[in-house]
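Below is one structure, written out as C-alpha cells, with a few remarks after it.
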Amino acid sequence: MKWKVRIEIMLKENILDPQGKAVKGGLNALGYKNVADVHVGKYMELIIADTDNQEDVNKQVDEMCQRLLANPVIEDYTFQVEKMEG
Amino acid sequence: MKFAVITFPGSNCDRDVYHVTKEVLEQPTDMIWYNDKLDLSSYDCVILPGGFSYGDYLRAGAIARFSPLMESVTGYAKDGGLVLGICNGFQILLEAGLLPGAMKVNDSLKFVCKYTKLKVINAGTPFTNRYSKGEILNIPVAHREGNYYIDDEGLAELIANNQIVVKYLDDEENPNGSVVNIAGICNKEGNVFGLMPHPERCAESILGDGSKDGYELFASILDYVNKRGEKCG
Amino acid sequence: MAEKPWESEGLTKEEYDMIIDILGREPNKTELGMYGVMWSEHCSYKNSKPVLKRFPTEGKHVLQGPGENAGIIDIGDNQAISFKIESHNHPSAIEPYQGAATGVGGIIRDIFTMGARPIASLNSLRFGELDDEHVRYLFAGVVEGIAGYGNCIGIPTVAGEVYFSNAYKGNPLVNAMCVGIMDHEDISTGRAAGVGNPVMVVGAATGRDGIQGASFASDELTEESEEDRPAVQVGDPFMEKLLLEASLELIKTGALVGIQDMGAAGLTSSASEMASRGGTGIELDIDLVPKREEGMTPYEVMLSESQERMLVVPKKGKEKLVKEIFSKWGLHAAVIGKVTGDGMIRVLNKGEVVAEVPARSLADDAPVYQRESRRPDYLDEVQNYDLSRLIEPTDYNQSLLEVLGSPNIASKEWVYQQYDHMVLVNTVVLPGSDAAVLRIKGTKKGLAMTTDGNGRYCYLDPERGGAIAVAEAARNIVCSGAKPLAITDGLNFGNPMDPEIFWQFEKSVDGISQACRALNTPVTGGNVSFYNESPEGAIYPTPVIGMVGLLEDINLATTHHFKDEEDIIILLGETKEELGGSEYLKVVHNLEVGRIPELDLGLEKKVQETCLEAIKAGIVKSAHDCSDGGLAVNLAESCISSGLGARIKIETDLPPAALLFSESQSRIVITVTKDNLAKVEELAKKHAIPFTKLGEVMGDRLIINNLIDLEVEEMKRRWQESIPSRMEE
Amino acid sequence: MKWKVRIEIMLKENILDPQGKAVKGGLNALGYKNVADVHVGKYMELIIADTDNQEDVNKQVDEMCQRLLANPVIEDYTFQVEKMEG
C-alpha cells in the first residue's frame, strides 16, 4: 500500500526565528498591518510505498523526523499520514 | 556618465560595485538608499548589487523588490533606462517581474564561490558590446540561489528574442543547475540585464586569478552611453 | 533559596563565601546568577590568567594588547588593524550550524566594537574522522553555518584549516577569527565613563537564548549535555549586517564614549566590564530592555545571550542621534540606564532594586587559581617509540598518493568553495595557497593572514608543538610575501583540573611565548577554551595561532603555485630524519608517536628573512612552506595547483621515507628563473642558512630521484577527491 | 478577532525539486528504501489580528501569497484559517 505523508517542521517556541521576523516586517510594510506574528518553517510531502500498516508508517516517519528531517535540538515537527488510492 | 548603485538592507556588494564604477572606471557614482523614492532619470545606469537583501529570508530578492525605490527603478526601466542586476540584484529583478523566470536553490544545495567560465551569447546589448559573440569569459560566482528556471514557453521566447546574454560554458561549468546553463538574461528591449556572476570581482588584474573580464562589462556600458550621447548630441 | 544555591550557578562553596564577603550579605538569585557567569572560566579566565601572563604582549606596533574586545596593531599611514580568534566548540557540538554561525557572529562583533570595519574571516576546525556519520554531520553543519553567517553579512572567509583526528570525535573544535581595518581616530573602547551618561542597548531584542551559555562552555560535554543545554542561540546575520553598519556610522560621529558587544554572559558582562574599565558603575532598568519574549525575569534578562546586541554609552544628549542612526538601519536603540559614580551594577525592576553588586567584583575580581601541573605519563612512551624498526614502504608512489589523499593534506576546496572569499574585492591570494593576501584599498599595501596549529604535535610535545604552530604561521605569512606582525591565539584544551592537562596548557603557552619572542610577533589577544572533553577523553591539546602580516607592496604577493617551465626549485633550510608525529606515520603506519621535529628558532628566523628578502628583491616566482606531509607533499601541491610537473634530484644519505615525508621545520621551497639562482644562493650564504638546488619545473609529472614518478593529474585527483568523496557517501 | 493561518508552499508539480531529491537520497541511504518520493517546501504560520470576518482573512492571505509569500512563477500554495481563542 502507498501512503502520503505531510510533515510540518517549525523552530521551537522560544527560539529566534529571523526569517519569520523578516517576513512579518515585509508583510507589515506591504500594508498588512494586522499580521501580528509570522513563523517560517519547512513543509515536506513524502510518498511511502510497500508498507501495509499505518502504524508502521507512523513509527517510521517519526523516526525519520528525529534522525534526518528535523533537527530535534531546535525544531518541532508534526505530521499526518493518509492512505493513497490505487 | 553617471552610475547609481542601490543599497538595500543586507546588500553587501554595493561598495564593491561603487569601487569599480567610481575608482576603476572613474565615473561619477552615487550610492542610493533603498528607502528613498527618487527620480532616477539623471542617471545613465542603475545597478542593483549583490548581497543578501533582507537576509535572503523567504526567497532571495522577494522582500527587497517591494522597497520604495523599486517603484522608481521600474519606471526608470520602462522609460528605457539601463538597469543592471548582479547576483542578488538579478534575483530582485526577477521577483519584481522586470525579467522573466525565477531562481531556485542550487542543485548542490550549497553556496558556491568560484571562478566560472561563461560564454557570450548576445554581444549586442548595452552591457556586452565590448565582448564578441562566443567569447569565453572567466568571472566568479558566489550564490546559493542561482538555479535559474523558466518554463519551456518562456525559454523559447528568450531564445527567439536573443535575450540569453551569457551562459555557463557547459554543464560542467554550470555551478547551480540553471536551465540550459543560463547565467544572465536581458529583457526584450535589452535595457535591463541580470546575471548571477560578479563582474565587479574581476575588474582589476591584481585580484584573485587576475581576470579582468568583468571590467569590460562596465566599460561596455560606458561606451554605449557615450555613443548614445554622441548620437543624441 | 536552595540548600546549596551556588551549585546550580556552577560556583564552589568557597566562591560563594567570597561573594558573601564582597556583599556583606547573601546574594539573591539574580546576583548569584551574575557571579556564576562572570566567574565561569569562559568569562573570568580564573584557571588560565597566571599562565597567560607569560605571553609577550608588547611591541612597537601594538596599539592595544590583550584586555579589550580585540587587539589592535598599527600598520602605518594612520591605519590600524584589529583581529582576534574565538572558540565556539561546545555550541557547535550540540547544533553545528547555529553553533558555528553564532561563533562567527560573535567574533565579528568583537572587531567592529573596536571601531574597525571587518575585512576578512578565518576559521580553524577540528573534527573526528570522516568515516563516522555523526562526524560528517558535524563537519557539514559547521561549514554551512560559517558560510551561512559570513556570506550573508558580506565578510569574505579567506583562509583557515581543517584537521581530522579521532581525538576530536566527541568534541569538535570551531575557532573563528576576524580581521578589521580602521583609521586611528576611530579606535573605540568598551569603557563606561562620564557619570550621568546614558547607557543604551542597540540591535536585537532580548530573548531567553543561551542563558548560562558561558557556564555551559565551562563544563565537559556529557551524555546529558544534549538535555540540559541552554536554549540554542540562533544567529541572524542580516540583523548583524545592519548592526555593523549602524555601529560604524555611530562611531564615526564621535558621539560615543564607549561601546561593547554582548557576547557570553550578555548584559551582565558587557555592563560590568564597561563599568569596571571606566572605573564607574551602571544603573539599569530591566523594564526598559526591549524583549522578544514575555514574562522574562531579571535573572533571565541579565543572563540572556541573545545575539546581535551591543551596549553603548553615548555622551549625554546624544541619545536622539543614536536612535536616528539605528532607526535608519531599521534597528532598535533604547536607553536602559545611566553611568554612575559608585562603582556598582545596580539593576532595577518595576522600581525595585533586584541586584546591586560592585562592577569590579564581577569583571575583574574573580578568584584566580594556580592549578596543579604534572608531566603526563604517556609522554615517555610515545616519545621513545622506536621508529627505526619501521619497515620502509616498497612503493613510494603509493605512499605519496595515500598521504595526498589523507583528508588532513587533501584539498580543502569542498570547504572554502562554500565560503564567499571574494566579497569586498580585496582578495589577492585566494584560499588554497599558504596564507590569504588582501590588498588595502587606496594604498600600495596588503595584509596576509593565516591560522595554524597541530594538535598531534602538541600531544606529543606541547611546548615544542606550541612553538612550531607560531613558526609555521609565520612561515606561511612570509611565503606570501608579508612580514609577520602579531598573533592571536585560540587555546583549546581539556579539563584544567586535571594536572596533566594543565601541564599541556602551560607548556604550550611557554612554547608559543618563546616563538613569539624570537619571531617578534607579540600576542595581542586570544581565547581559552577548556573542558574540551567527551566520554572518550580529552582532545589533543590544540593551540591555534592566528597571524597577520603586512606587505609593503601588494605586487609582491606570492603564491605557492609553480609558474613556468624551467624555473629552478630551491630548498631553503634542511631536511632531517624527523618522521615523529608526521602525517606519513599516521597514514602509512597508523602511528601517532615519536619525537616531533626540532625547532631552532634562530635558524627559523634566518630562513624566513632570506625568503622575504628574496621576495622583496622581486626574484621569487613561488614560495611554499614545507611542513605537514613533508617535502614530497610540498612539491606535489605546487605541481597540482599549477598543472606543471617537476624533476627533482637530491643527493642525500637520508632514508627515502625521511627524504620524502619528514616534517623538519624551518624549510621553504621557492622557485626562481635560472638567472636568479646565484642571487638566492648569495642571500642564503649571507644569512648562513642551508641551501639546496632541488631541480626544475618541467613537464606534467613529479619525479623525485628514483622514488617518485607520478602524473600531476593523478596526484591531483587523489588530493581533490578525498574530502568530497567521503562527504558524498 | 484573531486568526491562525497555516500556509504550505511547494514548487509546482513539474519543476525539479533539488531539495526533495536530496532528502529522498538521504532517507534511502539511511535504509528507508520504501520512501518513493519527497518534496520539500515551506510552511508558515501567521497570526492575523483585528479582522472580524473569515472571508476577509481568506482574501487577504490569498493576496499575501500571490504578492509576497509564494513566487507564482514556480510555486503553488494552500492555506487553512482557524479562529483563535480569546
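When the chains are written out, they are named A, B, C and D in that same order, and each has its own residue count from 1.
Following the convention adopted for this analysis, contacts are C-beta pairs under 8 Å (C-beta built on N, C-alpha and C of every residue); 3 or more make two chains touch, one makes a residue touch a chain.
In this text, all values refer to a predicted model and were calculated from it rather than measured experimentally.
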item: Remotest chain, subunit C as reference, centres from CA atoms; value: D
item: Comparison of B-D and B-C (more C-beta pairs in contact); value: B-C
item: Centre-of-Cα separation between subunit D and subunit A, whole angstrom; value: 9
item: Between subunit B and subunit C, centroid-to-centroid distance (C-alpha), Å; value: 36
item: Between subunit D and subunit B, distance of the C-alpha-averaged centres to the nearest whole Å; value: 30
item: Separation of subunit C from subunit D, taking each centre as the mean of its C-alpha atoms, in whole Å; value: 41
item: Of all residues in subunit B, the ones touching two or more other chains; value: 54-55, 57-58, 62-63, 66
item: Contacts with two or more other chains, residues of subunit C listed in rising order; value: 236, 238-239, 330
item: Residue list for subunit A, restricted to those that touch at least two other chains; value: 18, 22-23, 25-26, 30, 40
item: Set of all touching chain pairs, with the criterion as stated earlier; value: A-B, A-C, A-D, B-C, B-D
item: Residues of subunit C defined as touching subunit A within the complex; value: 94-95, 98, 204, 207-209, 226, 229, 231-236, 238-239, 292-293, 306-307, 330
item: Contacting residues of subunit A [partner subunit B, same complex]; value: 18-19, 22-23, 25-26, 29-30, 40
item: Interface residues, subunit A side, partner subunit C - complex; value: 11, 14-18, 21-22, 25, 71, 73-74
item: Touching residues on subunit B, where the partner in the complex is subunit D; value: 58-59, 62-63, 66, 94-95, 101-102, 104-109, 147, 149, 177
item: Subunit A contact footprint on subunit D (complex, rising order); value: 2, 6, 8-10, 20, 23, 26-27, 30, 32, 34-51, 60, 64, 67-69
